[in-house]
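Right after this note come the structures.
The following pair of complexes shares a single chain, chain A, combined with chain B in the former and chain C in the latter.
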Partner chain A sequence: MFILITGLLLGGTYALIALGLNLQYGVARIMNLANGEMLVAGGFAAFWFYTAGQINPVVGLIVIAPVAFVVNWLLYRIMLQPLVTRAKSRGALEVDSILATFGMSFAFVGIMTWAFGGGYFNYAFLAQPVEIFSSSYAQNRVVAFVLAVVIGGALWLWLTFTRTGLKLRAVSVNPAAAPLVGVDVRAASALAFALGGAVTATGGALVSMFFTLDASVGVLFTMKALIIIIMGGVGDIRGTIVAAVILGIAETAVARLIDPGLTLAAAYLLFLLVLLFRPQGLFGKARG
Partner chain B sequence: MTTREIRNFIIAAALLALCALLPVYGSPYWLTMGTTMAMFAVLATSWALFSGPTHYISLATAAFFGVGTFVTGLGFQSLPFWALPLIAAGIGAVLAALVGLVTLRLSGVYFVIFTLGLAEMVRQVVTWVQNQTGHRGMYVLTSITEREIYWMLVGLGALVYLLGWLIGRSRLGFALRIIGNDETVAKHLGIDTALAKVALFMVPGAVAAAVGAMLAPRYIYIEPATAFAPLLSFQVVIMALLGGTGRLWGPIAGVIPFTLLWEVITRQAPNQTLLLLGIAFLLIVYVLPGGFVGLWDRLRRRYGGQP
Partner chain C sequence: MIRRTIMTGAAAAALFAGSLGAAGAQDTILLGAAAPQTGPLAGGATVTHWPAVRLWVQQTNEDGGLQVGDQQMTIELVEYDDQTNPQQAIQAAQRMATQDEVDFMVAPYSTGLNLAAAPIFAQLGYPMITGTAVTDQQPALAAQFPNMFFVLGRTSVMAEDTAQLLVDMRERGDLGDRVALVNVADAFGIEMAGISKAILEENGFEIVYETSYPLGTQDLAPVIDGARAAEADAFIAWSYPGDTFALTDQAIVQNFAPQVFFTAVATAFPAYQERFGDQIEGVLGMGGVNADDPAFQEFAQAHMEMAGQAPDYWASAATYAALEILGQAIEGAGTTDRAAVLEYLQDQSHEYATILGPVNFNENNDNERYWTVGQWQDGVFRGVASQGRDGVTEVETFDGWN
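== the complex of A and B ==
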């Protein structure tokens, strides 16, 4: 029970991070490997607000999310759109975007190391325990989970029931056909990329409440988000959430029962199973 | 063989001899630099053999390399040293085949992601096994000198070039070029695309593991965190792409300047190496898409006349 609930709490936060990446990959078609660095930047911002200004990280989100939105929008417009324009095929765009975002990822790590140093960052926010089913959990994990659920739910509602959300989903299904029904693919892609970045930075601020971060830890989160997306299926919100919870529980189980140093190995085992048996994702349909 | 090929062979042999004689005329400092360059040249050239034609970006180099160093670490006391790179190459090839069988049936993104975390995953498992058995790191104390490591690497490099030349002429190389251009066409031509890719991916796997085995004595002390450092994979990718993967001699054209630059940066501003790596990646994507080889070809087309 303890493993299940801890895993669920962790999985909720993972789901939010993976949703951000899924928006960027599913709609904007950018395999953003600098995603984890955006997360770490969000976490650093929350840390900085809390230690320097005594600002509650939850309140800090009001600043962090819009800033991340603008930064990611500019990144897409300036750095990535030229690649989309020049790409001859989906495959060529994939290679270019992977290399470009690797470059950004390293550049961000370099800048963050320079600005914040190479040390570890954590802070004590709501570290008191709370009782659920007669085991105790840290309050900050519960708060992070609830916020992740609220934000993820709002995102889902927005994508499902608004006109802009419909546009994004149209681009996600078929970027070539979307302009035929009057969707501005460029604008929609930029919006999705910016939104994905904002969601990821939010996830980073939430993660920083209970994880110790350092400048170079981003790539681990990128890995996990990627594994979740592949497990859940590209562009599939429901699959992403289920996959994130599975990953959260699997990681917690391995950390508790075998060794805390094996969390990535646990994620890899899941990844391997998915690749071998369901490469189209948990809920995806097999393609001809 | 055409006269052109004979000419190229003679040039290659002369350059190889020049490289092999470095320990004779070079200072110890340049021998150390030469060993590093030879290591990256072998790694980047073998990387480009697979990733050049297929456009699959492999980040598994560090994993294979680490496996190789551990083969030496575990076996150098009981086995003759010359056998270790061979064993490592065998294990590397098998590991590459397994990774390839799982991921290369699918699209390129899965492969990149899988290899991205592979070194870290292997490191976690090795650390865990070591914790279970109570070992920490290992000392590799041998009588192998820097000079001998260098010669082994140059020999392996010559082998890799020969292999690359042979693959380029073979049916496998032709099949891979078709796959790289259009996988659907390749399938329609009756090429077993997955098999061809897996077979070729075994080459960099085996070579990287052999390089790891050869270099282990240089480290003296081996522990998982240094043996499986993921940075190595990225350095290899960047050097190969900087040089250009279109020609066999491309990667080494990236290795030499980048190793020198890296050396300068690590000495002047050790904290900025990652920033340099990031900028190099961005430069390749935005300014030099074909690497130095692409630039060379463009210049020749513009000023040389000969296509």
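== the complex of A and C ==
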């Protein structure tokens, strides 16, 4: 039970890390390597709210998420749209966006180092235990898990049952054909990218409750997010959540039952198996 | 990433520079420093390395600079970010020597970067006084790089002292036999765990839980759960900052309170105390200082005023002391000629007055008096074990998370 719950909580954390990138890559076709930095920025904002204003990080999301949305929308419009316009094929866009966002990630690290310094940031919010089935877990992890479920669920419902969601899915499936049925691909892509950024920053604010962050740590989150969305299937929210939970439980089980030293090996083994037997990802559709 | 800071804090120094500047003689010493401002070790360097370096430069200039022969010389600091990348650390050293033509260089931050930069420092002929390099290779390194000096101490001794502390506590009747030993899976963690395991087993301790976890892991609930399930009386973790925080956090959440709780790097950081408050009373960690020594308190005060943050209770003071030693060697040699300063440093009869207390180097360029283990007691991280330092406090039993 301990393994299952700890694994679920970890899976929730992973989902928070990866959901935003899935939107950005799946719909806007931007392989955003600065995703981890956006996450750390969200974490820093939450840290700042909490230490400077005693504002609860969950409440702080009311400000952090919209600000991140606007920032990411501008980033897309100013920096990434030209790449999309120029790209002759999907492959070319991927290479360009990888290079551009890789550069952006360094710029973000520089800005955050300048603004906050390079030190370690953490704070104690809801760091008390909560008892579930006679084992103790950190309240902040449980809160983050619940919010991950809420965010993931809301995104899925929104994408599945609303008109805007339908447009986003149309762009995700075929950006070339979507305009034929009256979808503004540019607007939809910008929306997806901005929303992805907001979700990532939200995830950052939530994981900052229990992770120690510093300005340079973002790349670790980017790596994790990449594995998860590729395992889960690009462009499918359900896949990301399922992959995150599988990864969380598998890592926890290996850590507890075999050896914590093998968690990375376990994660990459799963990744490899998915790539071998379902290269499009658990929920992905094979590309025609 | 390149920043050139000219420390002109003191009016006196500025006036002095103004009056002599026209004479054309060199009146500043150019000091080069390359250390992480970004990358995985930036967090540690921001706490420990940079404020101590800048503080020493500022204070020295406020005092009018160094007395070199019959000349008073202020210090100009040139900073580079090595991005926690050994290759960058080497390039930065080369650049400082050839482009900036610095007179002296501050040794980089961390064991790994110091080892990476040692050959280039030696090749370029710069004295290298390390404040954050802990290794066991001092004799071999000093033989290979006679310009390299070590202030912070030796790893094996630190692992030995930690294990010895457990032996003493058991003899006092404060500790059982069961030890959980975990480490971060890199050179540091593996080496320290190996040494402490050998000593603990030699002394009849039972290692009931032993494991390692990958660098950068912060999800450590399974490790704490494992140690708790093994009913360990003592928990020893050779950990790095992120995992030090995560292990402590999980131990509190799962209320895992053995008689000894030890985490390694960052336990002595002020951020550790800020994060956990008075819950950490009795937690043991690597390093330590003589917190009651007025010299350290004065340093901590100045550090606070300049950087807006307290120094850590371990290597901050050693980093500062490394520069004090460099300054005193330059003054002692009476010249900025690097060969002469190096010769002065290599003379084992010289002793340096530092905030750590007196320091001298043995035939392995090694400082033999240093702190090894500390403990949070009444909100201060006090040294509870040392090699030849005054002010060792008696170790207390850990009586749970408050």
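Brief remarks on what is shown
What we mean here is this: the second predicted complex is superposed on the first by the 268 of 288 C-alpha atoms of A that agree within 3 Å, B and C clash if a C-alpha of one lies under 4 Å from a C-alpha of the other, contacts with A are read in each partner's own complex, and residues count from 1 in each chain.
One rule holds in what follows: contacts are C-beta pairs under 8 Å (C-beta built on N, C-alpha and C of every residue); 3 or more make two chains touch, one makes a residue touch a chain.
The structure displayed is predicted, hence computed values, not measured ones.
Applying the stated contact rule after C-alpha superposition, one finds that A:L264 touches each of chain B and chain C. Of the two partner chains placed by the overlay, only chain B lies in contact with A:M31; chain C stays clear of it. Looking at the shared chain after the overlay, A:E94 reaches chain B, while chain C stays out of its contact range. When the shared chain is aligned, no partner comes close enough to touch A:A177: not chain B, not chain C. After overlaying the two complexes on the shared chain, residue contacts for A:L273 are found with neither chain B nor chain C. Of the two partner chains, neither chain B nor chain C is touched by A:A187.
Of the two partner chains placed by the overlay, neither chain B nor chain C lies in contact with A:V150. Of the two partner chains placed around the shared chain by superposition, chain C is the only one that A:E251 touches, whereas chain B remains out of contact. Judged by the touch definition given at the top, the superposed model places A:G110 against both chain B and chain C.
The contact surfaces that chain B and chain C form on chain A in the two complexes overlap at residues 109-110, 113, 118, 216, 220, 259, 261, 263-264. Taken together, the chain A residues at the contact with chain C in this complex read 2-3, 6, 10, 13, 109-110, 113, 117-120, 122-124, 127-129, 135-138, 210-212, 214-217, 220, 251-252, 255-256, 259-261, 263-264.
Chain B contributes residues 55, 57, 102-103, 105-106, 108-110, 112-114, 116-117, 120-121, 124-125, 127-128, 131, 230, 234, 241, 271-282, 284-286 to its touches with chain A in the complex.
Residues 1, 36-40, 42-43, 45-47, 84, 182, 185, 211-214, 216-223, 225-226, 241-242, 245-246, 249-250, 252-255, 266, 269, 271, 275-277, 309 of chain C are the ones touching chain A in the complex. In the complex of the two chains, the chain A residues touching chain B come out as 31, 33, 82-83, 91-92, 94-96, 98-100, 102-111, 113-114, 118, 216, 219-220, 223, 226-227, 230, 258-259, 261-265, 267-268, 271-272, 275-276, 279.
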